[in-house]
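To keep things simple, chains are lettered A, B and C as they appear, and every chain counts its residues starting from 1.
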Amino acid sequence: MFVKNHWYVAGWDYEIDQRPLARTICGEPVVLYRKFDRTPVGLRDACPHRLLPLSMGIKEGDNIRCRYHGLLIDSDGAAVEMPVRSERVHKSVCTKAYPVVERHRFVWIWIGDSALADPSTIPDFWPCSDPKWTFDGGYYHIRCDYRLVIDNLMDLSHETYVHQGSIGQHEILNAPIETNATGNKVTVTRWMPNIDAPPFWRSALKKQGPVDRWQICHFLAPSSVIIDVGVALVTAGATIDEHDQGVRGFVIDAMTPEDETTSHYFWGMARNFDIDDAGFTARFKQQQGGVFMEDVAILEAQQRSLLLNPTLKLKAFSIDTGGVRARQVIDRMVAAQE
Amino acid sequence: MFVKNHWYVAGWDYEIDQRPLARTICGEPVVLYRKFDRTPVGLRDACPHRLLPLSMGIKEGDNIRCRYHGLLIDSDGAAVEMPVRSERVHKSVCTKAYPVVERHRFVWIWIGDSALADPSTIPDFWPCSDPKWTFDGGYYHIRCDYRLVIDNLMDLSHETYVHQGSIGQHEILNAPIETNATGNKVTVTRWMPNIDAPPFWRSALKKQGPVDRWQICHFLAPSSVIIDVGVALVTAGATIDEHDQGVRGFVIDAMTPEDETTSHYFWGMARNFDIDDAGFTARFKQQQGGVFMEDVAILEAQQRSLLLNPTLKLKAFSIDTGGVRARQVIDRMVAAQE
Amino acid sequence: MFVKNHWYVAGWDYEIDQRPLARTICGEPVVLYRKFDRTPVGLRDACPHRLLPLSMGIKEGDNIRCRYHGLLIDSDGAAVEMPVRSERVHKSVCTKAYPVVERHRFVWIWIGDSALADPSTIPDFWPCSDPKWTFDGGYYHIRCDYRLVIDNLMDLSHETYVHQGSIGQHEILNAPIETNATGNKVTVTRWMPNIDAPPFWRSALKKQGPVDRWQICHFLAPSSVIIDVGVALVTAGATIDEHDQGVRGFVIDAMTPEDETTSHYFWGMARNFDIDDAGFTARFKQQQGGVFMEDVAILEAQQRSLLLNPTLKLKAFSIDTGGVRARQVIDRMVAAQE
């Protein structure tokens, strides 16, 4: 059971264009495209006539014509021309149109009850669109329950082993973490004071001297995780509440359920330093894609194991508190929906 | 649920030979082969001993010997020699033999109750075997419910979009159609009087001047569609009832269910002009195969969409009346069978 | 339903090494490896923390560290180090450890109730480890119910057709067989007195003259078959009870269920002649592998046919008595287990 009455990322702003894109979200096949004024459109991906996917159709202006018998559907899902053009269109001939909003570099969709779709509840991905920040990232189709990705991101101790060839280091496991859960928000904070900056952050900081380092994982219900990361010189006096004194980034992760055991994984990084360095942006995206692919391999193996071992249950250790709390929020949202 | 008490095309006359051919029909695995006198044989494709497919067996005269332990089965499905040859064969050792008849260039099979198999009820595919006509065609395995193919063929308005690169034209959608249903017969007639012949028919007619053109789709229950097509000069006075004054063809379509969502599709065209032009026959078969492959792509996508959208229902417009009536006939036949 | 309270071959002694090997047995994913002292270990292939397969883990001494969060599991399945190393390990954090014993060139596993695992009940594969004998063989993954392989091996009359290009000959079918079933033991004996030795055995015997030949299939419940084969000069006076006067081999077959329709097939041959001829051993293994691959093709086709023809039942002839009796033993063992 999915939280259907919420906004999910349907795609990157760059993925959705005039040409129809098919993507199944929370079990529902959806076709996504843009109108000429660039407004994004999301319709159930099935012609109301004989159910051929509309994503196989022909764009005509802002409408889409089914490739089977030519029923013409407008961007509200209503049929506007019958196969026999002289016939009158009955208003019952329509396909579901989903509320779709473009914000913070993503196109968001509301799969559940449209009447409840309030754009002000779109998760606040502000670093993705703030002009003082630079943001880029990619997309992976991943064969696992989206909640396994949330577990993964709310506990960075896995970096030591999953990413031991890239970003993992034993120091992460040793730093204490603090988990806070209030309402639908869950935060896991790891503050590493007065340490030697690892190469990536030293190079970003461009300054010598001991640093304070932080990793603050924010769960944004039902299926996003934003991780506030960075370092600042100890002498700069950064705190958990205020830490813009050094270099700072946000790792952005939006997971959208496709079905029970497959998901769409949208990932990226926003940063507030060297924001005009396009080469840095591209190199970082490539590196981050490689690291996240290591997670994909682990998460897909974990999903297979869950299916092969139906009598075994996941166990939660102290490091899993963030994920456990996030799943409690999801469970409450699902229960409230029913 | 299939109409089992009826004749289905099991294969082209050229597909079935001495060598055993495996084909699943209405969910039942069948092995097909010919005796030396060319009589076709259809047996359940499972040795009565340990169920190894007989289609893996060794032909011995008109019999087939199982490749596992050597049980010898005759063309009536009876075992005639045990693995230990000195042992007596009990008459209970046998496999189901299906009534099989070769007619009109196809081998027909009766999957249901053999006692009811009357060859006089084989659909009348006379243009396929009439010496004044020439007939050829091909076979596609198609991953869809056979009824989706019937819908497709009983409504040629899809040609405009599905075959827009080949035979489609908007004129087809504009011509009125008339649907007649009497008993188990359903006919959809599109009569286009006094028009300019399209290139294919002009070249077949070899005469200048305005023509009458027709497309008359005949549903032959439970799973064939024959389409009477052609043109005649307006001055020749063709009518819906009599139209042999020009050039005429029959598009032949026999769909045999494999299982609930896959089918065997036998297609071809019979014509009464240039009947000795083997080059024309071969070129037309190649062209027709390309057009039908366009249908296969659409129909398989439609089937996938039906499975992915279990809560959505097919809608019927005026153009679908022929298919709707054909499905009513099928539903009545299934109900009568139970 | 499997006989779980019994020993199954988990792997060849040469397959299982320091490096973890994943193999599903009776539906349970298992990871197999060796300790430094070469003792084999079998654990449920799922980390007790988040179920990632332990077979993806990192060996550390005799322990295995999960590649996800680094939980360290010892060879008894107990966690000995938490991801956060300073945390205490609770004894409930453990994975199932299976009784595993190396004997007769194989590593055996007990999937059911460990308390009942008595190594003295491991099937007696003595020719595989007796110093006066030489033994080698291979492994196939086979997509069929393991009982189909038992049927196959308890009735060698299939050799005539399945192996007609290699070891099959009509003489086998004509020799009478005798089946004995006592308790959980089933034996099928085919004694061929005073015949001409086939080329393989003539070459092994290295003597001229008529021979007595035997094939004695022993079913070792629940899933092994050992076939005592060989020839001796008629003048040597071999009997069914005593036949070490000529050349003798044991065809070894151990089938381990993976799930309901797939199995692990461990096969080989032990012999008491030319035991130091490594070239003979290698050539024979290659030849035997080819012959058994012919069985694999038949058995997988039979399994597919069983699934496609759910209403049809296997029939038993006289030649099948050994397999029928073996299945009765299996059924009794399953019933006793419940």
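To be clear about the criterion, a residue touches a chain if its C-beta (ideal position, glycine included) is under 8 Å from a C-beta of that chain, and two chains touch if they have at least 3 such contacts.
This one's a predicted model, so the numbers in the text were calculated from it and none came from an experiment.
Novice: Along touching chains only, what is the step distance from chain A to chain C?
Specialist: Step count on the best path from chain A to chain C: 1.
Novice: Same or different: do the copies chain B and chain C touch each other through matching residue numbers, with over half of them shared?
Specialist: Shared-number fraction below one half, so different.
Novice: Please tell me the distance, in whole Å, between the geometric centres of chain B and chain C computed from their C-alpha atoms.
Specialist: 49
Novice: Multi-chain contacts in chain C: which residues touch at least two other chains?
Specialist: None at all.
Novice: Provide the residue numbers of chain C that touch chain A in the complex, in ascending order.
Specialist: Counting only chain C, the residues touching chain A are 24, 29, 44-46, 48-53, 56, 58, 65-70, 82-87, 93.
Novice: Quick one: in the complex, what on chain A touches chain C?
Specialist: 151, 155, 157-158, 160-162, 173-174, 298, 301-302, 304-306, 308-309, 312, 314-315, 317-320
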